[in-house]
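A, B and C label the chains in the order they appear, each numbered from 1.
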């Protein structure tokens, strides 16, 4: 439905919105020589002739800083409630509307983000056709210079008159409530709008040399293109490009405590994959170490990973990153065009598909459930076992290999693998290695103290697929933690007959670092279980009757039978995988019969924050357990 | 009475910076009484050598954490004087707000956090939080917060201001923000009065000591001078030529101090709130004069301990004066203004401002590219060091029959009354660069 | 649990960092609930050498200061360098362009200072050039939020989370017009964040008071300088306000 208003009546309509106390009205205003979305105090401030705003309207739905929950260090946390007041955002350009539609797919996809959803529901978008084109924009090449949905109202400022396209019921109600001067749009006006839109592509100075549908192909063949190193050498790693991007939605979460050290808030804030600490885990490991890897990741995320996952190119051609980047190396148009022009130098093929994972239908507000520490057992100098019980008495339903996000309010959250086999009670076990702030704090807690639990998250071991198979478990160090959950499950008397021979190969640093020694001795006693242990070094004076050497040195000690029907499960430090998998290949174990569990920085646990990405795969969602064949071609998986 | 006293207070507490008090009395005879300044010299002259004109404000601001706005204003005025820059009326008004805000912040810090503990008989403000005086402490904090938030609004930040630049401001507060500030200022008059009454109740602890001396401050026919005015002495009257301030503020070096001393008509003089009160009290707001009446403070008062009371009087005046300037700004309408255009040129400029502790002078000489080739700053605390020494010499004989601890406390209180800013006074700027 | 005993000390500085503690306003009352302030010369008369956490403001300029600092280090379990002068030397290092005797002569002229320890000055040092520093609170002055964050972290026994990314991140979140576009030379892209980009947000170029994170590649700098019409000398000069001598050390 299209209507029209005289310019004056349109401004009066805006002033009516502004004076309506039930609404918060934002619009495009000048800030120096640039433009921003900011609260409108009068319709005269609105600048529909703007080219592009410094920040996209993303900030209205995923604010720069946002409280997720409030807590009291020693007791409870409560979800943060939004005030729910209706907001009107005036002047959103088509490319930003497209970006919001993309963000909807991400934030409404499995584990619907409650904060984002509420903000979307509370906000009325009044779009605007582009009147002036930004120098650095290439929206026409991306097909985002015009839009036919995704707005509540869309206005076209024709100078003397404003044509209003009603895109939703919400928009219609708002329009009719705040103006009585609506006219039926004339044919002439419709034509003028069409002409204005038709003339737009000609106003763009810059265009892509390859259509956006082919970005996947171009990037898929350019993973090791020399361009990445060339450009990234100039990168300041300031992450300005991601901050101003309408399709960059990665975030970090931090606990802020008041000076009384009692109450505080958990805050979500924008993060950027160009920053060196983005992929850093508590142990200090950084999974994208090189500047060129981080620089490349941003383009692959936009042009290959998200298209593979959601079906859209995560760039709308707004040109904000190009404006923000001081050395001017961030412009996707320049980068894609360079890759096309310099096709002959292309190197490195990247092909992948996203492993299947269960979509979670529920909403999340990131609020943990309370759990009480029932038992603590120091296993080694670094590792302590915690038996936790959910305070609400509801069992935690999980599969072997899944993880939970453990909250220590005031310190933060950390992903921890569950080490107990699935059981029907409300208690479960975690083994925590002291590494960062959260885990250190857990170690100093006492029985009876409370922690928060979110999850379980991710994909665990497919126990059905293992049925009828011989199983080899290869664990290194703390890799025994998730593996113990599975081994106990398999060795359980009720399940044992579903599985074949079991072999456990386990390597630790020193004899003092071996986890679950007592249980391992019980396993050893069973006739259908072979256990081999090794340590890297054995300090003098320590009693040790296992081997000394790497875990790979255990392979020749076992007589393998029926390899065709054998499945291997490998969990250990990053450096271990390559060597163990080589041994398995030598034995004749096929890729499809190897399962691994990987560690990354799983911050949100629900596939949104972006920290745990291995190329285009989310460890928190498709992992942490993977079939080796699913990820063996991902360069970031085992580097 | 024949008595031996040996007092050596290393690093007097609750003052800004490091100073020592040494007193030796042998058989009733004062052998040595000395106010020493042991603060590490910071050589700001080297910091300014060859610096661009626009770097002088951020660097000289770092002379002092408490009066960084004052240093900034003196710095900008000196630079603007050298280049012949005329600032807009709006800038002039906003700078008055800045100078008032800092005076309030510094004065309430001194009155409440540094001087009041002596009057309440405690070592610091912290114990007051758990005493019957908690209520007063909360009011003092309220006023301190008001002053800081006012500085934040006008200057971007209270310590080391950001928006003050040559020719104007980089950011202007909105009318809405100014209206909110005005409302707060009006409300806090009452709080100020309540704090004054609470201080009055314990004011008998201020020693009754007087020594005739010279007072120097800016004065103006327009207003109670803070942002600008003419150098005026209680001994010799007005000195119109601001560029020859050195004829009045004469500096000299003493061995017990890394800060220079100054003198004028007598062997020492005093600057600061009491000096301003003694010279300009007629221009105070009526609310401020009410505070003065409460303490029976009248010009000319020769009791240095009354400096703290004069600060309280000024605090009230600063509130009233700020309200006036906000009204003027709102009447005229506040605009987002850019700093005025100007051309750099070779030459000298001098900026004088009354800062919380007294008269501050920045004096720069620039080359044709606007780089600083010569700089001099005269700091209020430097000007007071000599007077502190002379007061101490006059104060000690009357104290000798008291216990040593009490003599010590009295001498410390004397130093604190001046609210010295020792970091400032050891900045050392006076140097001619030889290239 | 007994409250940690905390002491504040200052060396060559403007004492603005300590003032920032007073500037916590009402929250100072929270502060004294969670820690025992046993020494804080600027605001209290009492003093004790028995403390666990020492906050040290200011740069080190003289042997007598160095000695005092070493004593503080040996008394304290945890030593926090507090503010730009302490963490990186700050403006106090500007004078390191010249020899100490040269600046002394310039300042004090021919006055006889021989043997006067007040005037026995060496080149300005940051605190960690004299003793081991456990934690750093950056900035001139340090932001109150960061002061609170470090104190609460130390009291709660966690490592303070100090940003390891540049000011641009915060500046972009504040939606400022980039100062390079206004022709100003801003050090934001290479300076440690945590200040909420307070200078750019007030229309002022970043001076790098929280320290330089990493020096940019020469090629990158050249491109930027060309794009915005700035010179390399200017960049080097910009470093000298708070980060003088950085090039020589690294």
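The rule is simple: a contact is a pair of C-beta atoms (placed from the backbone, for glycine too) under 8 Å apart; a residue touches a chain by one contact, two chains touch by 3 or more.
Just so it is clear, the model here is predicted, and its values are computed rather than measured.
Chains that touch both chain B and chain C: there are none.
Distance from each chain's C-alpha mean to the overall C-alpha mean is smallest for C. The centroid of the Cα atoms in chain B and the matching centroid in chain C are 25 Å apart.
Mean C-alpha positions place chain A and chain B at a centre distance of 55 Å. With centres taken as mean Cα positions, chain C sits 36 Å from chain A. For chain C, no residue reaches two or more other chains under the stated contact definition. Taken residue by residue, chain B touches two or more other chains at no position, since every residue touches fewer. Residue positions of chain A touching 2 or more other chains: there are none. Contact residues of chain A toward chain C in the complex are 31-34, 36, 54-55, 59, 64-65, 73, 233-240, 243-244, 254, 256-261, 269-270, 272, 275-277, 324, 326-328, 410-411, 436-437, 440-441, 444. Interface residues of chain B, counted against chain C in their complex, comprise 11, 13-18, 38-43, 45-47, 55, 58-59, 62-66, 68, 109, 113-114, 117, 123-126, 129, 138, 141, 144-145, 148, 156-160, 162-163, 165, 170-171, 253, 255, 257-258, 423-424, 428, 430-431, 433.
Remark: chain C residues 10-20, 22-23, 25-26, 28-29, 32, 37, 40-47, 58, 61-62, 65, 90-92, 94-95, 97-98, 103, 106-109, 111, 116, 118-119, 121, 140-141, 198-199, 202-204, 207, 241 touch chain B in the complex. Across the complex, chain C meets chain A through its residues 24, 27, 30-31, 33-34, 148-149, 151-152, 155-159, 161, 164-166, 168-169, 172-178, 180-182, 188-190, 214, 216-217, 219-220, 223-224, 227-228.
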